[in-house]
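In the two complexes below, chain A is the common chain; its partner is chain B in one and chain C in the other.
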Partner chain A sequence: MEGGLVNDMRTIQRTDQMEDMKISAKDVNVYYADNHAIKDVNVEIEDKTVTAFIGPSGCGKSTFLRCLNRMNDTIDICRVEGDILLDNEDIYDARIDPVQLRAKVGMVFQKPNPFPKSIYDNVAYGPRIHGLANTKAELDEIVETSLRRGAIWDEVKDRLDAPGTGLSGGQQQRLCIARAVATAPEVLLMDEPCSALDPIATAQVEELIDELRQNFSVVIVTHSMQQAARVSQNTAFFHLGELVEYGETGQIFTTPQDSRTESYITGRIG
Partner chain B sequence: MNEQHIASAFDRDLEAIQGILMKMGGLVETAILDSAKSLGDRDVELADQVRKGDKAIDALEEQVNEEATRVIALRAPTASDLRTVMTVIKISANLERCGDYAKNLAKRTTVLAEAPVVEGADVSIKRMAREVQLMLKDALDAYIQRDDQLAEQVILRDEDVDQLYNSIFRELLTHMMEDPSNITACMHLHFIAKNMERMGDHVTSIAEQVVYLVTGQMPDDSRPKKDRTPYVTEAN
Partner chain C sequence: MTDANLDKPAAAVPASRSLLNGDERTKKREAAEKRFQYYGMAAICTGLFFLVVLTVSIVRSGLPAFTNAVVAVDFSLSQEEFDAAEGQLFKTKAYQGLFNTALQNKLTEAGIDVAFDDKAIERILGKTGGTIREYFRENTDDIGSPVMFELAASSRVDGYFKGRVTRDTLVDSRFLELNDLDIVDAMAEAGVLKTAFNWNFITGADSGVDNPGGAGIGASVVGSFFMMLVVLFLSLPIGVAASIYLEEFAPQNRFTDLIEVNISNLAAVPSIVFGILGLAVFIQFMHLPQSAPLVGGLVLALMTLPTIIISTRASLQAVPPSIRDAALGVGASKMQAVFHHVLPLAMPGILTGTIIGLAQALGETAPLLLIGMVGFVARGYPDGLIAGFTDPNSAMPAQIYTWASRADVGFYEKAWGGIIVLLIFLLTMNTIAIILRRRFERRW
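Take a look at the complex of A and B:
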């Protein structure tokens, strides 16, 4: 798809830093009891890149996303097969501590879910339990940096003691993103991070995602194809548990190779 | 992509734009044939009709652009829908240019009606017009049927038009050298032939858009260029 690549400036900007694959999934199959939810998915996720997973409801995109930080471990009937490598390390290896893994692979959910604590404590929670700060000053700095990364610092710096739940929906979501980046993760998983937000808050979160890309690998599940087109460099289309097509976002949205992708992104019944 | 959109209004919008484009194509085909006929018959009245008719073609182009802009703004088309909208805009520009050339031909008809007939030239130009019109018809058919094979054939046929132009060029040159009093008429006829040749290029461009629309890739530019005008001059 050389035509598509050449025309995407975002691709050109990052060519100097795209050698490595951050996450590499090989022959991944997921079962919920007898239900085969993910079928032989192979995907390479680039470092410092936003990768979008799109597809109709129930296509497996969220299930697959949750495999990437072993969130599916919490579901008893869920069985994950295949290899998922983070920096060439198998995350399902017995020696891997899922809690440590989730500090490295952060997650932001569909509905903003701040802890019923102060704004400060929401962000400080992760660094505290992972022992990332030795002094109050260090913790203060982590909180400030994270809130700045979450693009919410200016709005909350004067009321860090106020409850996080008192913020607006958009602010809460950015607080959750700040909380997720506070543990210095390498990958940020976002499951429909904007579906509960208004267009302005959505635009702010999208702008934030683009900034986060400089430091993290971001994987976002979204129902909004326009959002995938706006924020991602690579897009994966899932359908009925299969990864139908994976490629550069510009190419997927202009010249998809698979007719199922075409039908989905053009809003046809397929 | 024959399936319908979930939003049926989107289908209606796209069909409406393509309808306008086809109407425009029909008017341009007629303008090409009528302008050539007006030249052949020295029919000033028909020429006048062609000149006036160009306004309608221009208006349709504007309409295509407006509707296409609306669809982009309101529906954010992707993939083949996006290519449809993009190609509609480009093709309408090509058609508009063809309309202008036909109008220019008609203008020259009114001048040529006063000049002596240059033997042979009229017939050759009529043949050229017929060929360009047939190419246009096929290019538009290829568009409607999303037939990239037919479009590829149209692209190859531009070579014939170029050859016709080259032979007319040679013919006119001979006439001018034989009798300088032919120069005025021959110059006009040469512009007409050159404009016809340019129309062929625009039709080729339309056919290329069809290939892009269907395949997502522009066709390879492997078509041999047959415009050897400078060599023709040397030979004489």
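Take a look at the complex of A and C:
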């Protein structure tokens, strides 16, 4: 209870710096049928920073992440209450088209999921359906920059026609990042992007996240506290559907305010 | 962990056991596995045995339908003979006379002496004069040069030649007399009577009940073809659209649950029920033409729909949800996600389901009984595309059923032959299904 209080106070302080905020979620509640999955979560996500969501399995961090680009809409029994503002616009407003929202808020999933098409088509698909390129040359340009941003260009530039599913796991995940980047999003959501990767690929992806920070605000869900500490500036700790603590990463890991956070990062719960 | 155990392996286990001597439990387990394998092999062998028996019996009974006995005589007609014959009152009779003379000469040449009259030849070969006259009137250039005529023998002679009819079983009738068999034997000895491939069986239409020799399956193949067109163009779009809607867009509620249950039930409804529904709705209520491939196709389309919907939904479900997430995640609309990514991946399953459904419809007889596609229906080819849908016609399985129920034993081999043709069509369709599946199959 004490943790919740601290958190609320911090939220009030933060409203002063609204111009820096990319996403602000107020009193968000999510229900899966009768199951209350997210309880009164308030979070402010800063622009051009990496925000990490940590917490034990089933604590609702992925569910909350999927609220941010309305991917939960695809689940019939899922119900979202509260306001989530992206650039001060309520993304759950009836006038908002989730399709446009998802172009602005890209997503990378836990398991690499390239389309069973060529590497080129994987990246070009988003720009094509959003009409971001008028000519083939422009599209080529977008594909190349996206693949470069995904740090995979050098490995695939000679085989853009090869199927994306033929790449290794780490390469596939970087391809998916390149695909998400290609639609020129402003926010990039990553749901445990490294859980299926080996340490080398993980390091590459982490390096990539750090680079992406210059252009996007990145929200990453991770099970690895080391990863959260390495890549993020802000960290939010979720437990049993509640946002227990949210603050600067250094502070969360060194001087957590809440006893539950401390227990989790020292390995006693979760 | 492993290192620590390596030092004292025996300590953990009470008595040291060699892995080479299996204990009782292991032996029992292995014996059970072996036994199961034998059961499996026995089952497969039984299945193969029956398949071989079936295939052999079908081929043995059906192959004679593809051949018939013909009398091959090279016959030359001079210009004078042509003019003389055309000048007579009974023109075909004159040609018949000329042919009989040629046949007689042929037999004498071979050193066989047998006497016959026009009537006997008519019983053996039918009315030869007409055929010959027609040929020379159409090909006047061939007058004067020798032409090889292959005239189909009547079905009883054909049966005698193939061994179906013997001297003991033949009853004297106006169709064939016992004495005629002497002439047949003589012709066979002279090499005039021989077996030839029966093109008429493939291309021809159904014949009357007393002429099994002239019966062909061609017209009913065309009937089946038009029916399959109707089935394909109705059930594929409707079935695929229905399953995409139910699988991807429809809300989960009682109403859609009810629809789903009913679709599954529909797949198990006996086909004759669809037949009587077609009779009541399409013919009696909507007044569509009877015995028409259009109505047959409509009925079979209703029957095929559940099959297509079920297989399409199964293959849509088999597409991993991560592909949908990926498409939605880059901002594709639901419809784009389905049509750009899910549907192409489900395509092999949809196509296989469709072809299996079509193959099922192709072999279906019961509903056709009720809408009048059985009986002496396939009398000729439809003239034109529209007529192909609306003119009375039969279908392959219905034609086979018709032949099988006719009294003349000559139709027996026709029915078997028809089954061979039907099986060839089904095999072809299944092969196409396999090829399409291979071609469209993609990994994810």
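Note that in this section the second predicted complex is superposed on the first by the 249 of 270 C-alpha atoms of A that agree within 3 Å, B and C clash if a C-alpha of one lies under 4 Å from a C-alpha of the other, contacts with A are read in each partner's own complex, and residues count from 1 in each chain.
As a working rule, a contact is a pair of C-beta atoms (placed from the backbone, for glycine too) under 8 Å apart; a residue touches a chain by one contact, two chains touch by 3 or more.
On a predicted model such as this, the values are computed, not experimentally measured, just so you know.
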Field: First, second, both or neither for A:Phe115, with chain B first and chain C second
entry: second
Query: Which of the two partners, first being chain B and second being chain C, lies in contact with A:Pro199: first, second, both, or neither?
result: neither
- prompt: If you stack the two complexes on chain A, which partner ends up touching A:Gly131: first (chain B), second (chain C), both, or neither?
  reply: neither
Field: More chain A residues in contact - chain B or chain C
entry: C
Message: Once chain A of both complexes is superposed, is A:Ala229 in touch with chain B (first), chain C (second), both, or neither?
response: first
- prompt: Is A:Ser263 contacted by the first partner chain B, the second partner chain C, both or neither?
  reply: first
On chain A, positions contacted by chain B and by chain C: none
Query: Residues of chain B touching chain A in their complex?
result: 1, 3-7, 10, 76-83, 216-217
Query: If you look only at chain A, which of its residues touch chain C in the complex?
result: 69, 71, 74, 76, 99-103, 106-109, 111, 113-116, 125-126, 129-130, 165, 176, 179-180, 182-183
- prompt: Once bound in the complex, which stretches of chain C touch chain A?
  reply: 251-252, 320, 322-333, 336, 340-341, 345, 442-444
Task: Enumerate the contact residues on chain A facing chain B in the complex.
output: 3, 225-226, 229, 253-256, 259, 261-263, 265-270
